[in-house]
Amino acid sequence: MKKLTHINQKGDAQLVDITDKAISHRKATAEGSIQLNKETLKLIQNNMIKKGDVLNTARIAGIQAAKKTWELIPLCHSISLTKIDINFIINKKNNTITCQSSCECFAQTGLEMEALSAVSISLLTIYDMVKAVDRTMVISNIHLVEKSGGRSGLYKREIKDKPKKGVKAKK
Amino acid sequence: MKKLTHINQKGDAQLVDITDKAISHRKATAEGSIQLNKETLKLIQNNMIKKGDVLNTARIAGIQAAKKTWELIPLCHSISLTKIDINFIINKKNNTITCQSSCECFAQTGLEMEALSAVSISLLTIYDMVKAVDRTMVISNIHLVEKSGGRSGLYKREIKDKPKKGVKAKK
Amino acid sequence: MKKLTHINQKGDAQLVDITDKAISHRKATAEGSIQLNKETLKLIQNNMIKKGDVLNTARIAGIQAAKKTWELIPLCHSISLTKIDINFIINKKNNTITCQSSCECFAQTGLEMEALSAVSISLLTIYDMVKAVDRTMVISNIHLVEKSGGRSGLYKREIKDKPKKGVKAKK
Amino acid sequence: MKKLTHINQKGDAQLVDITDKAISHRKATAEGSIQLNKETLKLIQNNMIKKGDVLNTARIAGIQAAKKTWELIPLCHSISLTKIDINFIINKKNNTITCQSSCECFAQTGLEMEALSAVSISLLTIYDMVKAVDRTMVISNIHLVEKSGGRSGLYKREIKDKPKKGVKAKK
Amino acid sequence: MKKLTHINQKGDAQLVDITDKAISHRKATAEGSIQLNKETLKLIQNNMIKKGDVLNTARIAGIQAAKKTWELIPLCHSISLTKIDINFIINKKNNTITCQSSCECFAQTGLEMEALSAVSISLLTIYDMVKAVDRTMVISNIHLVEKSGGRSGLYKREIKDKPKKGVKAKK
Amino acid sequence: MKKLTHINQKGDAQLVDITDKAISHRKATAEGSIQLNKETLKLIQNNMIKKGDVLNTARIAGIQAAKKTWELIPLCHSISLTKIDINFIINKKNNTITCQSSCECFAQTGLEMEALSAVSISLLTIYDMVKAVDRTMVISNIHLVEKSGGRSGLYKREIKDKPKKGVKAKK
């Protein structure tokens, strides 16, 4: 049976010792979605087309969350990211906004938590900005899409989601 | 059509002016789940029964996230919480852990974002602590369950989720 | 001769004791400007008209700075703001962007530092976002415009700046 | 026409991708001033000569701001500084204190924002500590003096300010 | 047997629910000491007499730590302090510096952790600033001296420490 | 007489310039204790045996404090730790819990402050969690045990503490 690396032999929480690991170029992409009312999505889009503020604010929040993941997730190492890219895909058919974040760094440990934190906080920020008009929003499907670098090499999520037919958020 | 309160007439982002709102006793409960492999859930449970570290660490992370929601979500007001309660429900049937957070405060504005942030960061912390053995985890169904206080009064989520048959995490 | 309230009788730094002061409704407005190249201003405006990202990002940064002023300025008390409003005025004649912030709260102490921090960080964020095309920018004229509340009552800056003929940033 | 590097092709805010840039030894020096009343300057100097607390507190605040620039300016990368030096020059003739900060690091991106943040927060801290006796202070002339390292090499501000005849703050 | 209030019936960590407690005026005083080499103490004093920087920097660090205690100690509530006073007493006989902090607030919960955090971080800052010349320093005797306010009323530490014959740090 | 490296020639506080120092593998171990009532220690142990929450929460707080030492101690450089290990030793004879932390990194400067901060905040967290049942706790004997790396090489505390006869905290 595999072992939980964050728990040592005594069962105590620990910051995994990465002292002996090599620095490598690492990438991680994560994704998640927020389900909205049809009307709410329109409001965001109208605003977005004109000024983009809801999504830009969510993007800024996500970028900042990625940078401070080590502060939010107790057992994450502090790493310096060289790239944080956050995109939103609007799917009018099922009234969702999908947030996708891609991060890169040179480090002794992976950065999937940074990509996942960026997605989570971006989606929470959308929630916050439209919650006055829509209380039934649901944030779902936050997962790792792909990662590379380090000893374990490339990982791509096998279980394919159905192809997203949403249009890229145009401005 | 309703208006986005976080966006002013010019479409700029703004911290909603709550100067004229009365202080009231407010509550919010939020919920979300993480889907795991059967084997991963067992590992957490074994560890939990003995020492509870995975879930306790996730709980601590969630409490701290609730307290710093104003720092994570750009347009949230800074409020002082008088209660943050975080619980985990393990559902062996579908291999999920549900995180539920209940927060209270006396404030001029609601605290659903605090409850939602607590849930999100708690689940991300579980993810982080077991990601070495399970890369296919998915965080889902983060939503507001109930809130009260303020002008809008009591809100209870209408669309009932199917009754959770999970057992309360025992220790 | 007046005394420095932040320095006690021994000359040590101190957090001014506000225990005996009454809570009152307080307001503060501050202002400052950034001088840019003509070409840089055009770039921001073109971007702004289409998407508003430079100014929106600066606005978000300013709002967040106001909320964490107590963390940035060592001897500021931690207060909860009920309003943070940040506006930008573009003056094409002299190629400047003026940032104006208005904050409100109910507190035992004033909030001019919150308004001033919001202005400073907003302007630094504009600087950061356009520094690749313009290294000669200068941030100037950061000052308190007006404040009210508390024992000292209303203060309005006497020395009038020349009337700004800039146009309000339209989007 | 040059492009705004912080805005991608779609006009979205982004953390500039520095993955492919080489690490180089980088330096940046920034400067700014605060205009005070004659009487206020004397108070600071008297205190300074005896205990130096106003300027020392401002220096500490500036050093801490430089270290957390990545948290204050949304699109700044997180970098580790190897040197932060903050000096104050008192000019009795025109009643100003000029703050100068010099920072160094080994990084894939420049650090002018760190130097500028240090100056801004140092000056705001002076403002905070003497605002009880002087409400007409103005912070001005915050600019980059010099920077080196990276592809763009050495930059020195061409437009010379008039020689400062102020005396170095002696203690 | 008494119960641990931070641990609920199931043994989980919790933020104690203070929703039903009344707001009261609260005070707390804490104390702790650092043992130094004779030579180190002289260095600090010489510097202190001239410029006071070691102790002023320690004082600033302590004040800032008190304000962010809720961030450092996971189960502390976030409270706004109305007074933070930090003093140092130098005892040449046994080569120690004693740090004493007094805090006040109006809150539903006590603030002894704020007073204790201020002392701890102040002493660690002294340690940091002189560690290049003295590696054998020991920080000791960090304890609560007195607290008042709330249901439990006044508490004064019964076990008297021997009278401190140190001189108040003069500047 | 040795010089205080954190104070420059003028006596100003400074972030020590480490630009020219080589990166080396560095380690530091620090230690400190908390004195409790017999009854309090039993409560922690009972809880610990069953769920370990008090000590696990203290451990998490210590790990997070180590990561943000640069934010707590004004003149500490920001460094990325590759290992943070925190252990507790319970000594039933004298009713103390000793906290020991070991940190590692590759950096241009030492990390003893990170190890010492981890110990201090871990002990304060224990204090916070049991203070409702015990107000006479004292935190003592916080010191550096050992450090290595950098120009100064290995340091081991010479003055041996009496051998600790405490049992390792078993769970």
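Per-chain residue numbering starts at 1, and chain names A, B, C, D, E and F are given in the order in which the chains are listed.
In this text, a residue touches a chain if its C-beta (ideal position, glycine included) is under 8 Å from a C-beta of that chain, and two chains touch if they have at least 3 such contacts.
Computed from a prediction, not measured in an experiment: that's the story for all the values here.
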- prompt: If you check the contacts of chain B and chain E, which chains show up for both?
  reply: C, F
- request: Name the chain whose C-alpha centroid is most distant from the C-alpha centroid of chain D.
  value: B
Task: Between chain A and chain B, tell me the centre distance in angstrom, where each centre is the average of that chain's C-alpha atoms.
output: 17
Task: Provide the C-alpha centroid distance between chain C and chain E, rounded to the nearest whole angstrom.
output: 33
Field: chain D residues counted as touching two or more neighbouring chains
entry: 11-13, 50-53, 56-57, 60-61, 64, 74-75, 80, 171
Query: What are all the chain pairs that meet the touch criterion?
result: A-B, A-C, A-D, A-F, B-C, B-E, B-F, C-D, C-E, D-E, D-F, E-F
Task: Using the touch definition up top, name the residues of chain C that touch chain D in the complex.
output: 1-7, 11-13, 32, 39, 43-44, 47, 50-51, 53-54, 57, 60-61, 64-65, 72-76, 112-113, 116-117, 120-121, 124-125, 127-133, 135-144, 155, 157-159
- prompt: Touching chain B in the complex: which residues of chain C?
  reply: 25, 52, 55-56, 59-60, 63-64, 67-68, 80-87, 104, 106, 170-171
Message: Quick check: in the complex, which residue numbers of chain B touch chain F?
response: 50-53, 56-57, 60-61, 171
- prompt: What part of chain A is in contact with chain F in the complex they form?
  reply: 10-15, 17-19, 70-71, 74-75, 77-80, 108
